[in-house]
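Residue numbering begins at 1 within each chain, and the chains themselves are lettered A, B, C and D in the order written.
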Amino acid sequence: MMELIISQVVNGLVWGLILALISIGLTLIYGQLEIVNVAHGALYTVGAVVSYYAFASMGGWVFSLIVSPVVLALLGLIIYLTTIRFALGKPPIVTVIITYGILFILEQTVFLTYGGVPRSIPNPIPYNIPFIGGDYPLYRVFCAVFSALVIFCLMGFLKWTRYGLWTRATKQDYETAMNMGIPVRRVYAFVFCLGSALAGLGGALAAPISSVTFTMGHSIIIDAFIVVIMAGFGSVIGTLVASLVIEVVIGVSAAFVNPVMAKVIGMALMVVVLFIRPEGLFGEE
Amino acid sequence: MTTEGQTHSSRIGWLVVIGVAICLLVAPHVLDRYPRYILTEIIIWGLFALGFDIIFGKTGLLNFGMSSFFGLGAYGFVFAVKYVYPSVWLGILSGMAFAMVFSIVVGWIVTRFSSHYFVVFTIVISMILFLLAMNLRSITGADEGINIRLPNLQVIAWEFSLRSPITKYYLILGVAAVAFLVVWLFFDSPMGRAVVAIRENEARAQMIGYNTAHLKLVAYTLSGTVAGLAGAMYPLLNSTTSAELFFWILSGKAVLWTVVGGAGTLWGPFLGAAVLVSAEDALSSWLVDFYPILVGVLLIAIILLAPKGILGTLLEWVADRRASMEPGGKS
Amino acid sequence: MGNQKTGTTRRQFIKTGLLGAGALSIGIGFPAIVRGKTDPIRIGGLMDMTGQLYAFGTWGHRSVEAAVKRLNAQGGIGGREVAYVMEDSATNVQTGLRKLRKLIEQDGCDFIVGPCNSGINTASAPIVEQFTTPSFAWGTALSITQDKGNRFVFRGINNIRHGMVALGKIMGSELGKRYYCLGADYEWGRSVINEFRRVMDPIGGKMVGEEYSPVGTEDFVPYLNKIKADDVDILVGGYFTGDILKLARQAYEKGLLKKMQIVGGAMPTGIAPKEFGPAGNAVWFTSYGPQRMVDVPDPLKPFNKVYRDAIGLDDEGKDAKTGEEGSPSYSWTPWEHVFWIKRGIEKSGWKSKDDVGKFIQALEGMKVEAGDGFPQGAKALRAQDHQVFTDQYVYKIQDNQYQLKGIVPAKDLDYPSEVDYTKQKV
Amino acid sequence: MNNDVVLRTEQLSITFGGLKALNGVDFEIRQGEVLAIIGPNGAGKTTFFNVLSGNLRPSNGRVIFKGEDITALAPHEICRRGLSRTYQKTSIFQDLTVFENVRLGAQIGHGQHNSWLRGALSDKAVVAVVEELLVMGGLDHQAKQPAGTLSHGDQRLLEILIGISTRPELLLLDEPSAGLSAKETREITRWVKELSQTTIRNVIIVEHDMDVITELASAIYVLNYGEVLCQGPVGEVKCNPQVQEIYLGKSV
């Protein structure tokens, strides 16, 4: 039994990191623009589909890891300029409904172009490492490391670069930032593109693990929401910690109870945390 | 959000209401069988969206998990009719009771959150219910659900068979009308007005003496109960229910119908449901591929350009016109 | 890029002549659709054209459309034209029920060819009974011709019990007896596992574990971690289309499939075998019909060819125009359902909905030989539970191809009926 | 504590992360008094009001209102006990009509805010009070307009009307003249004076405009860096050198 628990914890950490990467875009966009992006799951799906076509055409899997974020950043810019930009001053509920409309549009466009049938991307690193209680896919370990790297780069970016400083400044106080000559409009557009790019990167990374189908965004968005609000909307570190905690808890409880109850336990954990701290683990009041 | 307090005595308003009422009463005899079935379904979906409008349009909180109440209402009805006592009224009451108890328990936690946490929390709660409903197969029948035989409807002395769709139509119309009246009166009462004050400026409402946490819980419970009532109508119409009713897509539809129809107008949800359900039904056979895209664009256009939805914008336009027409009116 | 939508518009009356009359009566709302004996026989197709089961719906719709066109080319049924209208169920119970009523009440359909979504099939049963409209279910979950069915519901395809019995017979000899069950937490997934256990336990099978994962699971590793590679011979996957693909690939990545084999409840329609990659070589499927021409038994080859040409499928089971992976092993069912309707009408002399009782009794116990109308082979429709018994196929993926491993004849798949619809009045 | 003290604070202090916004403030207002609180920006005037009205919880010290310790109560409980306030930055119900804005307060004033059966319009008493208040505020012919469409001056007026409509015993006015023209300020001052002699007996005003204060208040408290610098009748405080210093800078 100990063996099983250890392998569950390891997979919990690995999948937790991947889920963190997928959710970080959601946290960033909320933290900055106060937007709950319901279309985040669709952006994740588009990322996976773009990486499928990039892989099919260019053959190089690494290539698709670059193409997806770039394409998604462009898509994010288009979405921002056409809809989100007009909603910034409005009550937050308006942006939820806008992104809900975008979810409809994106998902159906993927269905019409990519089609409804699932396809898969061959495993780029088809080796496993021997591990207690069976083998463990090396590709997943790579994904975990890659996600951790991206998240730390993001934190570094927010701390030390000029744009990062601006991003944090506009987060604290929109008006003063504007008066200090920070191009707030451009920062908002930049953050929305960055958030979309991260969603695309998450899609490209996870595509070989699961398979690429037009409804793959549905299940991921629920997990991402659980992680993001448990962490406290807008906290990057919180998202990392929360996704690790939740995935490990679900993994370990899956060793004892049936999988559905394990998932419900993970969700119940979120309910308890929010009951104690309504603003989430790392959220400010 | 529409302006409150337009004078109730405006004749046009009442004329429209009476006209709609007459049409609805005559409809089942004029319409052919399928359009009548669609109209019955629209009344159910309208009542469900009304439940959403109470918490969103009137109180200003976006509950993205309304399907929890609808599913509970449907199963409440089926459990009562199948396992307790085969009576339609008991089923309806039990459906409402299931939804009310759930909304009080969850509402007590949820109404303490800020609006963003509220949105996401309600989605996750409805997903928990969906997973449980799919898992507890022996109780809920999972995605195959439970089929029931509808008992006869006892109204005081008379007994009606529910096999005739016209009787079903009038029962559902009656229940929806009563529910609508209760909700309308609530929002015309002092407490109802206080709930609307929360949407406008919660801090100030607290400062003039309203216990906003308590009022939000009242609004959340009323919203849940009305949605549960609508849920109870579903097995009444289709004599079946399934765990799929808990899936979040249904909550999204309530948002869609209310926003398009006109949030905060109480009539809006019914209009939104009527327009979109009939469009989805009629158009979808030719435009099946592009319909979701159209809906997405429509949703964005309305929330950005006409946030008050069809009815809200209409009412505002009428109010502006009437204001400018009044002699010396200061518009 | 991507697949071409099927050329035909979704809502197309083959015989448009009488659409005007039909629409007229609907619009003005004549109390009942008064139709003479020479009006067309109306068949309604409820298909999952959008949503997860998109591929099944698309091919099902094509099959019914082609079958009706073929019938009308041969003079219709008893000299009467056949009209076919399709509605999209969107792989969703609420939409499915609404469209079913549209087919029956607005389009005045006399018969319904159902979708393959089990949830919609069971939810439709009480409604087709209420409107006395015989419906032909395409879903393979057992309950459709057991507790959830009724005298108006027929099924012209084997169900999961047949599938698992066939798998047991073909695989039993080659593989060990220890199996682990992992399924999706919905009715169909549980049906697959229950039936597999019912087959293996009597012949000494030992179930090592049983788990059901929540709908929409992306990561199966937490559940695969519970499986020890060396003490399990067979992993039973109660999953449909894309999920079985995910399970197989993640099991392979975890190194479980060195010896262990995976068993699937149905051929994943629309998914090319190459998508499974190296994991494919350990994956077995029960299948309700032949996928490739080479698998078709010789006596049935001409009939199968007719069917494939009619719906535009090549010998390899791919779409002749787009090269997309089709599902000839599954989508023959709606085609045959149209011909079951023809046989029923001819034998019972059905003229309108009033003769529905005679039609049902005519079909009960009917035996059909293979032919143009029944490309999948000879069948017998049992009277008590309206379940058809025919040959069941077993496939395995080998070098990115679906390889036929064996065909189990109908007589070896018999099981006693647990219900008797003939007692229900019509 | 003799009975005519309406509100008293004892050693009221509050710190925001090291900054002592209020430091041991002792304050007292008797029946029928109109007091003013002055002080430079950031002296803690609005913070003082926020603590009195329950928006902020003090680090230590107590607030006694009509003999009852209300320090720990929630804003709505304090307001129902008869302590109402207005805001420096106008905070009204923008989308509701003017009539609606005032009625929300009047419902509380008449204690039937919890009734959910009787129609709000059917209660003649509340409607009468609202109409009377609107006439008094000169907003009666704009009753049907959404509050958001009023001029800034009218919105300040509405702000005060809402504060009064809950029939408080003590009204906290937070810079009523903020952003008003000289004419409007005179009107509001005259109006508040009339109020303080008729319906609202006790008023505390935070204000910068000395003319308004001399017109309305009988005594002044001077707050500086969260402490009470000095207090006393208007005349005496005006010529106090320390007060002039903090307002006019060092005297030459």
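To be clear about the criterion, a residue touches a chain if its C-beta (ideal position, glycine included) is under 8 Å from a C-beta of that chain, and two chains touch if they have at least 3 such contacts.
For clarity, every value in this text was computed on a predicted model and none was experimentally measured.
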Residual chain clusters - subunit B taken out, nothing else repositioned: A, C | D
Labels of chains that are neighbours to subunit C and to subunit D: B
Nearest-to-centre chain - CA centroid comparison: B
CA centroid of subunit A to CA centroid of subunit D, Å: 48
Rounded Å distance between subunit A and subunit C, as computed from the means of their C-alpha atoms: 37
Computed distance of Cα centres, subunit B from subunit A, in Å: 33
Centre distance in Å when subunit B and subunit D are each reduced to the mean of their C-alpha atoms: 42
Touching two or more other chains - residues of subunit D: none
Subunit B residues counted as touching two or more neighbouring chains: 131, 134-135, 289
Junction residues of subunit C, two or more chains touched: 5, 50, 185, 212, 214-215
Chain pairs that touch, as defined at the top of this document: A-B, A-C, B-C, B-D
Sites on subunit B touched by subunit A in the complex: 56, 60, 62, 64, 109, 112-117, 119-121, 123-125, 127-128, 131-132, 134-135, 248, 252, 255-256, 259, 289-290, 292-293, 295-300, 303-304, 307
Subunit B partner contacts - residues on subunit A that touch it in the complex: 30, 34, 36, 38, 83, 86-87, 90-94, 96-98, 100-105, 107-109, 111-112, 222, 225-226, 228-229, 233, 258, 260-261, 263-264, 267-268, 270-271, 274-275, 278-280
Touch list for subunit C against partner subunit A, complex: 1-3, 5, 50-52, 54-55, 185, 211-219, 221-223, 225-229, 241-242, 245-246, 249-250, 253-256, 270-272, 275-278, 324-325
Partner subunit C, residues of subunit B touching it in the complex: 30-35, 37-38, 41, 130-131, 134-135, 137, 142-145, 147, 163, 238-240, 242, 244-245, 249-250, 281, 284-286, 288-289
Interface residues, subunit C side, partner subunit B - complex: 5, 9-11, 25-26, 29-30, 49-50, 86-88, 92-94, 97-98, 101-102, 105-106, 118-119, 122-123, 125-127, 130, 141, 143, 148, 185-187, 190, 212, 214-215
